[in-house]
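For reference, the structures are reproduced in the following blocks.
Both complexes below contain chain A, partnered by chain B and then by chain C.
Up next is the complex of A and B:
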């Protein structure tokens, strides 16, 4: 069996905010079809790491590549890493999509317009084609009846499902989820997780920062435990949730098990 | 009583003929101040410190001094500057309407820029990040994500500023412009009937502002998507235009 090509390669990512080192050299490779769950306590750097992957945060050190395209990071004259070509960075982002903890739908656009915005404006795809895709995606996330609604009229779970449809609308190579269920009540968590599970089943490449242990264990192909800005341990869920998991990861899990 | 009404009627007719002057000053300085304020707002978030300093200084000067002094300085003061007095610019600076518009543009742009700056800071970061995350940059991000939110946030304060500007146009009368207030004073100089004339002038300002505020409130409602109903109809089979 051939190994699928890497969709994302992040090498030795470091990031500090002031004196606080949030990421102390994190590397990650995501291959096509992989679902990687990033777990860790609060302040472990997992969200920052995810935001570095699409350059919403500029890392202090390290390299990122989507497919075989390197992220345009170069040192400025002060020696700090910065985005050297913002157009190239934007092009790179068009290959990815992000689902946020706070949904971040555009409030002045309807559900349908939210989903159509990126493929229409950024990718400049054909209107009819974009509309057809948007319709089937809204159908898929169970929001077809709400196409003309504005986001504020929707529940959190509904908004997040629309946000997932929006993320898929450009058919990205990689979808980044930043704690997608943390702002939802338990009822809504289930509907969003079920949707994410179905995306995983169809072979989407996903990197998910989450606190949902059951999702990490049952859905992901790999679990990464971040602690103090480093990968403390990683591996397939069977290993990570099995008997020979690292003590630190077990300690992290134990309060959740209570 | 009948004589009163006849007088007020004829005064009002005279004042109404001055309404276009008031509206001209309002329209020109309103549009120019808004455009200038947009530039100042962009400067206030610039990377390099110089534009930020210019914006802060501009606001400091024009918000910190009385508008009437600015008008006097431009109309009377600049006439003392030889290269303006004898230069090509004199054609403009000798015109009191131009001077009023210039002073009001400078002054009100400082206020409007502060309104825009506050609104820009209030645009939710998440909306902008969602735009950047899907590959939007620069102008597209501004036009499709930032501006729609910014306008909605700024509109109530902006409307307020426009109403204030309407009233400020009356300062033009101090430099010989025959706007509503100017004509009112002229009529009073001839008739000595202060109360009726000022009441008629005030009524005209009220009418202008009532119209403006109705229009601006209508715009506000139109932009407020929360008020829009949520139809639960199926997606239309044909394409509808996306505005």
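Up next is the complex of A and C:
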């Protein structure tokens, strides 16, 4: 059996905000088709780490590569790491997509326009082709009937499903999910998780920051526990949720009464 | 009374054609100053928000100065002050002496410079009203800064700033009357001349007032509908 190639390689990512060290050297490799759940208490740095992966945050230290393309990070004359080539950074981001806790749909565009925007404007794909893809994606997320609606008219769960369609529209190599269900009502959480599960089943490479233990246990191929800005433990869910799990992770899980 | 109607009419002694021409020139010079103000205002707002430190300071100082002095003074400085400075410089260095500058250009630039100072504040506030996630969603998909500005920021800022820009436009329209000092025969200048040469000041200033009101009312209606259109996605 051949090992699939890495889609993402993040090495020794460090990040501080002022005096507070949020990431104290986190490394992660995601191979094609992997679904990695990142768990951890609030303030453990999990969202910051995810945002470093597509350079929404610039790490203080470390390296990131998507496929075999290195992220354009270099030290400026003060010795701080910064994006050295913003066009290369934008090009790198076109290979990834992100789903946000707050959906962040563009309110001035309709559902269909939201989905079509990046493939049309950024990837400059053929309009007919983009339209066909967008329609089938909206079908897929169960939002085809809402293609002409503006986001404001939709419930949170519906907005998040559109945001997922938008993320898939460019056919990214890697989809980053930043607490995608944390802003949703309990009954809406289920519809979004079901959709994410179906994406995992079709072999999408996904990195998911989440509080949904059942999703992490049942869907992901690997679970990473972040604590105080470090990887406290990681492994396949059978191990992490089994008897040999690290005490710290077990302690993290216990209030969730699993 | 019949005299009055004749001097207001389109006949050989009538002032109507000149007054209408004055209206058009007022509209043109206001539109030009508004456009200058919008472009420069966006640049100033960008400088205040994202520029390096020195540029942020410079944009701030610009706003303090241009909002803090009478507009008439800006017009006088650019139309009479600047040419006289250039004239004395050209005498010193033996250049060819330039003539008086074109009133339309100097007028719209002067009002535009002041307009920009006000518009910059409006755009700055408008961009601040857009949630950070909007930019992040665009950047995360590989948008360039320019594309993000054009496709995501501008349409959303337009909704927030259009009512305030409507106000600035109304000020621009009224402030364009100050350009009369340069001799540009816009509405104010034309009615001054008409009032003087016919000796009917009450009539002509009254007519000018009515024409200004027509211009401001029509354009504020246009801004109202523009505002509604830019807001179409945010209704209920």
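For the reader, a short list of remarks on this structure follows.
Here is the rule we go by: the second predicted complex is superposed on the first by the 257 of 258 C-alpha atoms of A that agree within 3 Å, B and C clash if a C-alpha of one lies under 4 Å from a C-alpha of the other, contacts with A are read in each partner's own complex, and residues count from 1 in each chain.
By definition in this document, a contact is a pair of C-beta atoms (placed from the backbone, for glycine too) under 8 Å apart; a residue touches a chain by one contact, two chains touch by 3 or more.
Because the structure is predicted, anything quoted here is derived from the model rather than measured.
Once both complexes are superposed on chain A, the partners chain B and chain C clash.
Contacts of A:116 after superposition on the shared chain: chain B is touched, whereas chain C is not. Of the two partner chains placed by the overlay, neither chain B nor chain C lies in contact with A:244.
Of the two partner chains, neither chain B nor chain C is touched by A:19. Set against each other, chain B and chain C touch different numbers of residues in chain A, with B touching more. Judged by the touch definition given at the top, the superposed model places A:202 against neither chain B nor chain C.
In the superposition on chain A, A:145 contacts chain B only, with no contact to chain C. Looking at the shared chain after the overlay, A:68 reaches neither chain B nor chain C.
Contacts of A:131 after superposition on the shared chain: chain B is touched, whereas chain C is not. Taken together, the two structures place residues 54, 56, 86-87, 90-91, 93-94, 96-98, 100, 102, 104-108, 117-118, 121-122, 150, 152, 166, 170 of chain A in contact with chain B in one case and with chain C in the other. By the touch rule above, chain A contacts chain C in their complex via residues 54, 56, 86-87, 90-94, 96-98, 100, 102, 104-110, 117-118, 121-122, 150, 152, 166, 170, 176. Residues 131, 133-134, 136-145, 147, 151-152, 155-156, 159, 233-234 of chain C touch chain A in their complex.
Contact residues of chain B toward chain A in the complex are 124, 126-127, 129-138, 140, 144-145, 148-149, 152, 223, 225-226, 228, 230-235, 239, 242. Contacts from chain A toward chain B in the complex involve residues 54, 56, 86-87, 90-91, 93-94, 96-98, 100, 102-108, 112-113, 116-118, 120-123, 127-128, 131, 135, 138, 144-150, 152-153, 166, 170.
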